[in-house]
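One structure, pasted below without further comment.
Order of writing sets the chain letters: A, B, C, D and E. Residues in each chain are counted from 1.
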Amino acid sequence: MISIRNVSKHYGSFQVLADCSTEVAKGEVIVVCGPSGSGKSTLIKCVNGLEPFQQGEIWLNGISVGDPKTNLPRLRAHVGMVFQNFELFPHMSIIDNLTVAQVKVLGRNLDESTNKSLKLLDRVGLKTQAGKFPGQLSGGQQQRVAIARALCMDPICMLFDEPTSALDPEMINEVLDVMVELAREGMTMMVVTHEMGFARKVAHRVIFMDHGRIIEDAGKEDFFGTPRSERAQVFLSKILQH
Amino acid sequence: MISIRNVSKHYGSFQVLADCSTEVAKGEVIVVCGPSGSGKSTLIKCVNGLEPFQQGEIWLNGISVGDPKTNLPRLRAHVGMVFQNFELFPHMSIIDNLTVAQVKVLGRNLDESTNKSLKLLDRVGLKTQAGKFPGQLSGGQQQRVAIARALCMDPICMLFDEPTSALDPEMINEVLDVMVELAREGMTMMVVTHEMGFARKVAHRVIFMDHGRIIEDAGKEDFFGTPRSERAQVFLSKILQH
Amino acid sequence: AQESATLKKIKDSGTISLGHRESSIPFSYYDDKQQVIGYSHELMLKVVDAVKAELKLAKLDTRLMPVTSQNRIPLVQNGTVDIECGSTTNNTERQKQVAFSNTIFIIGTRLMTRKDSGIKDFPDLAGKNVVTTAGTTSERLLRKLNEDKKLNMNIISAKDHGESFLTLETGRAVAFMMDDALLYGEMAKAKRAGDWAVVGTPQSREAYGCMLRKDDPGFKKIVDSAIAKAMTSGEAERVYNKWFMNPIPPKGLNLNFVLSEDMKALFKNPNDKAFE
Amino acid sequence: MGYHWNWAVLLAPTPSGGVTYLDWLLSGLKVTVALSLSSWILALVLGSIMGVLRTVPNRWLSGIASAYVEIFRNIPLLVQLFIWYFVLPELLPVGIGTAFKQLDPMLQQFLSAWICLGFFTSARVCEQVRAGIGSLPRGQKSAALALGFTLPQTYRFVLVPMAFRLIVPPLTSEFLNIFKNSAVCSTIGLLELAAQGRQLVDYTAQAYESFIAVTLLYVLINVVVMVAMRKVEERTRVPGYMGGK
Amino acid sequence: MYEFDWSSIPGALPFLWRGMCISLEITLTAIGVGILWGTLLALMRLSKLRVLGWFAAGYVNLFRSVPLVMVLLWFFLIVPQLLEKLLGLPPGSDARLSSAIVGFALFESAYYSEIIRAGIQSVPKGQASAAYALGMTYGQAMQLVILPQAFRNMVPLLLTQAIILFQDTSLVYVSALADFFGAAYKVGDRDGRLVELLLFAGAVYFVICYSASLLVKRFQKGTSA
């Protein structure tokens, strides 16, 4: 489904990604972790072409992302993406946040879109909030709306960039629960997160990055059992200790 | 040392603190926890008069904080406070951050202040960073500087407001380590935090707040053993689960 | 002399403030060294001499203050300038605010146009764009003429004479109506003075005077007598010839503006009558 | 001070007959309002386009937009006005220049003032729009693109609407400025409020009455605009966002 | 097509230069006074004392609702006598310059105070808390912590306003003061070369203001790094 082949990227002389390669099969859930600034967000943004990269190739469902001829908007319409800071559109109500792209991008009619939106809002437990504005919801609720918004587009896979790191500890679980359910239903997912509980529960593989490189790319059991690199070990011990 | 008696506070008609009472003895370490918006920050800011309160009394080392005749600046000079977002002064170098209040508030001379500052920077492991600016340090380093800055004033007690919640997971421990050490040396501390590992390790008592009320105020063993209120149980289960 | 507030002020401070214009050629304007010169200005200096003599001062400082058509009256009233001699028409409305000295010049309002424009007199202006300077008597006359004779002109009111002339020069208007002496003055600074002509029968006569503060007859008397003396003694005519019959700065052009009958009569019999 | 107050002058008939001096001031007020409103529309349209262009990831477009801003921002309004009115018609091809100069003079002045104020203000609006777009979290653009919006759609549906809501307060002060700046247009002979005030002084020599009346009328405009813009602000306020509470 | 004739510019340069000096003098004084008085106004506006807040708000709103041209006219007609009476200035002093300077300074203070107020409010509230928590008084917290950061944040805006102010000095034409624009206009008017002189003035203003705004940009980069 997603195939990342020898991707490198730099800002000026600063190397953000160095020769990264990995594959995500259909229905697979991949967790990406690593210290701050290691390039996790950049990698995941490269997958749907939000960040350009200079070398290598990324294939998504048989389409090359880096190819200048690719219609990126159409491609992105079918890749769901959830951001650390939710990035709901603050000037639109919740329901408008969910319908606007369906109408303007997919060309669905308004009724159909509204129905779909309400169904997905219901699924994340927020049907009653449809008329409110993002600023009136808690962080956890906003992030669930963001997931619903992505799901409205019937994505073939979902990308998550630290979806819980801006949340109050109490709200983390309501978001993780939605994600766990999604994973169990067989959605293909790439998730940047430090929630190792989530990784243990549903990830198939864990990727560990440092300084723009993929240092570990292992099955969940291998990773938590005996991570091979010292850097990953240190990192894990730090975030699991407290 | 700190005595909070029936304190209430409201913004307009909104009640932020409702009839809160507790005592902190010399050398005691108290952890305050509770859901977002429950009034934890407000309570701790009331202790050194950063927030005014309408009813009740707070006594700090025999001085009434709410009394209009109290010289608040002098009182605050001897209470260390550490904030969620560090609040170092970004336009001053690290060493200036540490010395400015010693010189301008305590009236120490510059040499003496600088010596003291360097000693405390050394203690938090950052002596080499003295000449840098806050923006050039990582979050964990900044928070350790903030602790050192508070310690420079020879505080009789320390207040912490979620000192680790703005940090990357990797950096939390370097800050907690400093705090654990401080607690073990017998500093009187009031700490708002969700780090239950820290609470288990050094707290003498844990206070649980919700909707501006102190719902639990129990010894550490009691609190983690069998918290009496349902709300606290739910909260604990949520933040400990993942 | 009578008790005069202005004279007292001048005596106490040892200074007299003179209001002048910046580009009323040839009455009061700057030469290329930014010195104030002109016909009205010279007469004003004669007044200063008379004041100095009257007060028996060994030394009298002068302070020069440029004024605009908009602020000249307030500046006289509030004491910033003691006397203003430029190209200010003496009329009854203004007399309510300030006093006027003996008349220093009499003009007629006429037209300036391009020599080859075919415009000979006011009736030729029908249906054309005509420019005049805002706030002048010419503007009023022109509007009245337009209504009375149904000439259907488009009247442009420019901010000052320089802008009026620019409007004429760039072809926005076919003619520029203004006090004849000032029209000659504008011609004196044109790129090609020879292209322009002053035509038409004068539409009105107007008297220029120096402005003084009201209700100070003591001061007015000195000013009036100084002006009268210059006129009856032939001194004023000499000044006239210097500015109107000889080459003048900035371009060394000779206005060749012959002394009119009105002016001759004035020089014989100085007075402070307005023409309205 | 030897000043002769006479407020009745406002109601006295003017020499051209039929109307009072107050009518002059009111007709000046009308010109000021018409000029300011029409210039404001021009400024908003041009400013929004340029503001968006300044933020697009294309060197050429953003370069053009920034040159535009620099030119119109760095020359005093007064000078720009003279250039539009006196200089530009001379630089145009003779036919067009002459045609322009044969228009009704009032129209010429109004057009020049309109274009001048519109362009001058648009440079300022442009900077506000750019700042508004720039102050949105970077993630907003990413989020819109990630949903499959094209870049123009992203601007149209997400960035510009939100940016405008954020910049209502600074736009309000630009809007107020345009009324005040229009006073400068009297220098090319346009009979707007300040010019009518000056004309009143020329004709009646009652300077203080005129200045006071004109100043009060400007304050009045200001109050009306502020009240109106507060309404706009309330209307566009985003719940749960920036002071929306 | 118009025939250009630039010949009157070289001879007029000394006069134009004097005009430029007047423009700069007005600008610099108004900036200095504007920042000081503007800071005071901003502090009043933010103070808990209602009366001070009202005074500052009234002052700012009044000045911001009247066109600068009108303000200058007022100050030209009223301030000279006031100054001469109150300060006992010698009558020989040039009232045009002093009144223009006072008018600009008071007018710009209103604008500067709004910028500085925004600057103070842009400093995170936690910074004030942190300063108080270290035992600083209001004055110390303002002087050592809040104002330095506020000014740092506001430098670009303050400079931009200074550029606007410099351009606005052209409006002193109402008092016939020969600032740079006035000088150029007068020379152009006298020599019948208005178009050339205006274009020249425009070019000079552009060069100066554009250079200044480049400076602002460099400054912005410097501080944000």
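As a working rule, a residue touches a chain if its C-beta (ideal position, glycine included) is under 8 Å from a C-beta of that chain, and two chains touch if they have at least 3 such contacts.
All of these numbers come straight from a predicted model, not from anything done at the bench.
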Chains in contact with chain A and also with chain E, listed by label, are B, D
In contact with chain B as well as chain E, sorted by label, we have none
Per mean C-alpha coordinates, the chain lying farthest from chain A is C
Rounded to the nearest Å, the gap between Cα centres of chain B and chain D is 52
CA centroids of chain B and chain C: separation to the nearest Å works out as 81
Here the gap between chain A and chain C, centre to centre from mean Cα coordinates and rounded to Å, is 82
Between the Cα centroids of chain D and chain E the separation in whole angstrom comes to 21
Residues in chain B with touches to at least two other chains are numbered none
Listed in rising order, chain E residues that touch 2 or more other chains are 2, 73, 77, 194-195
Residue numbers in chain D touching two or more further chains are 86, 90, 187, 207
Pairwise touch list, complete, is A-B, A-D, B-E, C-D, C-E, D-E
Residue set of chain E touching chain B in the complex reads 124, 126-127, 129-137, 140, 144-145, 148-149, 152
Per the touch rule, the chain E residues reaching chain C in their complex are 2-3, 5, 11-12, 15, 73, 76-78, 80-81, 90-92, 95-96, 174-176, 178, 186, 188-195
The chain A residues in contact with chain B across the complex are 35-36, 138, 168-170, 172-173, 176, 194-195, 197-198, 235, 238-239, 241-242
Per the touch rule, the chain D residues reaching chain E in their complex are 70-71, 73-80, 82-83, 86-87, 90-91, 94, 173, 176, 179-181, 183-184, 187, 194, 207, 211, 214-215, 218-219, 222-223
Listed in rising order, chain D residues that touch chain A in their complex are 137, 139-140, 142-150, 153, 157-158, 161-162, 165, 238-241, 244
